[in-house]
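Some notes on the structure that comes next.
Chain lettering (A, B, C and D) follows the sequence in which the chains are written, and residue indices restart at 1 in each chain.
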Amino acid sequence: MAHNSFGNAFSITTFGESHGEALGVIIDGVESNFPIDEAALQREMDRRRPGANPAGTTRSETDKLSILSGVYEGHTTGAPIAMILSSTNQRSSDYEHLRNVFRPGHADWTYYKKWGNRDIRGGGRSSGRETSARVAAGALAKQLLEKRGIAVFGGTVQVGPIVAQERDWAHVDPILTCPDREAAGRMVALIEQVKGEKDSIGGVIECRATGLPVGLGEPAFDKIEAVLGHAVLSIGAVKGIQFGDGFGAASMRGSAFNDQRTSEGFLSNHSGGMLGGISSGQDLVLQAAIKPTSSIARAQQTVNKENETVSLTIEGRHDPCICARAVVVVEAMVAITLIDLYYTAFGRDA
Amino acid sequence: MAHNSFGNAFSITTFGESHGEALGVIIDGVESNFPIDEAALQREMDRRRPGANPAGTTRSETDKLSILSGVYEGHTTGAPIAMILSSTNQRSSDYEHLRNVFRPGHADWTYYKKWGNRDIRGGGRSSGRETSARVAAGALAKQLLEKRGIAVFGGTVQVGPIVAQERDWAHVDPILTCPDREAAGRMVALIEQVKGEKDSIGGVIECRATGLPVGLGEPAFDKIEAVLGHAVLSIGAVKGIQFGDGFGAASMRGSAFNDQRTSEGFLSNHSGGMLGGISSGQDLVLQAAIKPTSSIARAQQTVNKENETVSLTIEGRHDPCICARAVVVVEAMVAITLIDLYYTAFGRDA
Amino acid sequence: MAHNSFGNAFSITTFGESHGEALGVIIDGVESNFPIDEAALQREMDRRRPGANPAGTTRSETDKLSILSGVYEGHTTGAPIAMILSSTNQRSSDYEHLRNVFRPGHADWTYYKKWGNRDIRGGGRSSGRETSARVAAGALAKQLLEKRGIAVFGGTVQVGPIVAQERDWAHVDPILTCPDREAAGRMVALIEQVKGEKDSIGGVIECRATGLPVGLGEPAFDKIEAVLGHAVLSIGAVKGIQFGDGFGAASMRGSAFNDQRTSEGFLSNHSGGMLGGISSGQDLVLQAAIKPTSSIARAQQTVNKENETVSLTIEGRHDPCICARAVVVVEAMVAITLIDLYYTAFGRDA
Amino acid sequence: MAHNSFGNAFSITTFGESHGEALGVIIDGVESNFPIDEAALQREMDRRRPGANPAGTTRSETDKLSILSGVYEGHTTGAPIAMILSSTNQRSSDYEHLRNVFRPGHADWTYYKKWGNRDIRGGGRSSGRETSARVAAGALAKQLLEKRGIAVFGGTVQVGPIVAQERDWAHVDPILTCPDREAAGRMVALIEQVKGEKDSIGGVIECRATGLPVGLGEPAFDKIEAVLGHAVLSIGAVKGIQFGDGFGAASMRGSAFNDQRTSEGFLSNHSGGMLGGISSGQDLVLQAAIKPTSSIARAQQTVNKENETVSLTIEGRHDPCICARAVVVVEAMVAITLIDLYYTAFGRDA
């Protein structure tokens, strides 16, 4: 019931606003005596960082991560781990002119109606910057999964109408983490074009996990796809999620969709790595639909607090396509979910 | 952490197996003094019932609903409401030959590995029959929503390659609850054909809610799409969910996707009724991808407990397309989620 | 947030009213493949049963327990276990004259104000009969603990001013389960006297657990005494709980209270089996203060729904001292809590 | 299931160790647009501060509170509120000699066995310093309650054998917050004497709440005394809790204990402000048994990691009686529980 918390056995609580004093996350339930690789945590933070990516915004925030608790002499103690992020590039003045108007596609209107106030500094709590705290927790989750032989990784597989045809995960492109470098080149060119047109564009992120045991997921209501769905759909830009063949399954026959099996193993993976809501030992495959970034530098119609129609052009440095930076956020939420389900099914010592 | 429970302020717990003594649901958190319409509850049960639908199985179970607690003199008391379902048509012998073999596409294998046993009677806890308990709870949730002016309804909008083009909700077809009667005719014909070919086929169910206030959904992690995603993806046959334009948003530009607005209201509803994870007052629109039914009367390869490759043909009375009966289940999970979020945001007395 | 549920890894949900259709409990999270001893479950039910005890009421209900789900061929499957209790002795007419008046010491007034209605049939949901569902769950918890070498047992150690001086648990008296048979005789005589005077009397129940490992309890907020406190104080008649020396510690010095230790083990057990909120491997010792039964056959002042002062004499068959029957309820809540904490700390397979 | 979290509608999560980088608390669920009085928050922090109290330790930590999130322009926004505490007086070297030995009465042994490590810096997570984060949250809870006309206050009512006879809450003594100034003088003298004898002593803290509405508490399992019990028993030094007449009820008759009532109101308050687990509108009265401080400067027997018997004398600056400083912690946990139950029963806007 704490809505800024997620997870049971491995539980995270995030706090903080864009342009506030600090953002951070408390992680509760981490196994003890685990040697944290802090440098690796910071590297994950850097993947999400604006300015690191030519396809993203030109803002150059430094998300410097500090661990405040739960770690002693380099190892986890079993106590809650608090991590805090400090940002050094905040231009709150960019937002002052938005005090009275609701940006199209943004949370401005619903937050205002729900809570009766507005934190206009970069969207406050509704900002995508909140996801940096998730990335910090996800980075730790990945280390815990790695210890168990489980890898979580993803990339952009669609931008606008351009769809990746290959899945060469060993040679992803450096900008979109796309597993089809030829397609990636066209995707980046499209993003540049869209940016020039003061517009934005959507895409699809694919995330996979290998090395999973049979047994993750807790029917009836905490099936692996249900909990992963909760996790990934809690990312602001995500408008849909599918597993394995997903919506493609709608036009398939059972004889084609069912993953048959011999003593050698499964013959296909249409299900995306799960049966009956429980991981099957096959690779987890999911895709998230990413909407085009809401902030665009074109005039749009909207209303102000007096419900008068106004025209708004959003200036500032915004990502024309959020996929590049959102890959690590999707990976983080998947990793957080998987270690939570792992602890739940097998305990912290397994 | 009780994985057979779902929801917070309005919380359900289901129990029971296909072919067990009884299935049921406990609903905790219902407002007091609400006059329950028991006949309407039973009507919802009948919508899910096998045998009621020419597109479904020929089994003819009677899901007779009894209320055991929480209602006194026709009104809710505020105490937990227990509802129990009895079934009168159970052929356990149908399943005896499956004791040693794992059906493709079913939970058999993962349940066996996770819990070390098998309840072979119709799939036991993993059976779709578990959803009848959800329909009972959803039927009550609908009555509570109706009191608040909120309607939840849905229908089949795709079967195999046939996609509904219309949304004439006032004139849905009686078999698939499809809002495009012309398409519905072709869908039903396709299902009959697939059945004759001893195969099954997938589809897409759309669910909508009208009359929603602004304010449902609790960021950061309990955004309305996250909780609805959890709810709907916990239904066994669902392989994906999308909101508004969903995966279509991947190929859209921000200038097209953003729902602009004037003092008259929103000019479009690409978002599907939510902004920043909170209901916007527009209609909620979501779609669920339904996989083809796993049980088909064709020979398929699988393994037995000794991991020997075997060929399996599943006899029995199974639905060639589960969409017809799953509509009411999707509606139920959406209704349960919405009343839970409503209570959370506005309290039980609002 | 489901307030009729308790526990995390081993979670119970109770439903049902006194004089309703049925009472029951759903137990979620039970390990799979455990051979349930149904006869032993029923024996625990019989310990709580009214009429079984000369110190209790003369009502003679039969709490016949039925298992509806989660058990297959005598073993748990990992699915939720639903147990239902049927009662055969219900005199609802006994209560009709109470429809308009609030019984002193009872929940009548607060339930009416909170929920705006009254289920007058024996107190409805607030009746002590709700605890029979807890006893059913506790009986299963005891079997699961027994498998792990943990025993939970208790008895009456005070009735009115009479305090047990011995702790001869191998020879408890059959009426009050008092570990001091000499004192027990005087306690029973006092209860008879009080009954003759149309009054009731309070007491103290002690509960112990032996065989506990080090490690149960999850600081900071789920310390073993905190969770046990929650559990035991949720029993209607309990007005206080203490661990080890409890309130006696208030007048002790640290040099006397601290449990010193040598390589042979602890030299004392003032703490009652816990240190820093975690079980220490010593015996758990706790005591619960039981208030005198609220229903007495003497005239008392109270008010009716019109807030007029009225005099009320409660007829009917009521326990003059609830300790005799509450022992098994306290044991049940302790056992439920311990298996929950055990599963949490060590998993279901340990 | 996050064990460092407490509460549902008003939920706190604490983190941090004694002598770690920082301690803090995240508060989730606070109503929006509430004007926080930061100076009043700091005043509550100062009440718990060591060195502020002649009956306490001579350590003089400054618990300076900073708000990191959830507050904008002086008002709550509805986003999670993170508060962090910095301490300026930490002598970790005091503890180096304890690296290999387990202090009697402390969490050292159980923490070591449970998590396989030891944070020796002042007890790490098990330190009483963790309660400072609770006091911060409790201070906010008090402001929220005050807005609703509810006051929470408490004091020491017993130290060793000395028991307060008066309840003059308007004139409590400044050291122990004791409502009987005559007794307080003797209590303080006893504490001085005990300190001179290198010993410690226990006591009893009473906490009250006035102005409560009827309706707080959620049966069956979240009765007001159950949740308060959980809250208060999660404080390290507490060994028991009782409500109203508490253990005294054990020797009372129903005719004396029942709170009779006329149209003018209740005639007594033996129950301590609750009926059937729900607040009755009378004053809440509870008492917590406080054990003598574990750290004493006398030789005690204990074991080291090799399980060898050793003699240990704990030097350093420790409180001879923790009651003086624990009053504000008990008040905090009571206030946190009451606002949580208030939000649950009446919503955040009531």
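Keep this in mind: a residue touches a chain if its C-beta (ideal position, glycine included) is under 8 Å from a C-beta of that chain, and two chains touch if they have at least 3 such contacts.
Treat the numbers as computed from the prediction; the structure is a model and nothing was measured.
S.K.: Look at the interfaces A-B and B-C and say which one is made up of more C-beta pairs in contact.
M.R.: A-B
S.K.: With chain centres set to the mean of the C-alpha atoms, which chain is at the far end from chain C?
M.R.: Taking each chain's C-alpha mean as its centre, the farthest from chain C is A.
S.K.: In whole angstrom, what separates the CA-based centres of chain A and chain C?
M.R.: Going by mean C-alpha positions, chain A sits 46 Å from chain C.
S.K.: Centre to centre, by mean C-alpha position, how many angstrom separate chain B and chain C?
M.R.: Computed from C-alpha means, the inter-chain centre distance equals 39 Å.
S.K.: Chain A to chain B: how many Å between their CA centres?
M.R.: Inter-chain centre distance comes to 27 Å.
S.K.: If a residue has to touch 2 or more other chains to count, which residues of chain A qualify?
M.R.: Each of 1, 3-5, 8, 14, 114, 125 in chain A touches at least two other chains.
S.K.: Which residues of chain B touch chain D in the complex?
M.R.: The touching residues are 1, 8, 346-347, 349-350.
S.K.: Using the touch definition from the top, list the residues of chain A that touch chain B in their complex.
M.R.: The touching residues are 1, 3-6, 8, 14, 102, 104-111, 113-114, 125-126, 130, 158-161, 194, 199-204, 214-215, 217-223, 225-234, 236, 238-264, 267, 271-272, 274-280, 287, 289-296, 298, 300-303, 307-309, 345.
S.K.: Given the complex with chain A, which residues does chain D contribute to the contact?
M.R.: Of all residues in chain D, those touching chain A are 1-5, 7-9, 11, 13-17, 20-24, 26, 28-29, 32-33, 66-70, 72, 75, 77-82, 84, 114-117, 119, 121, 124-125.
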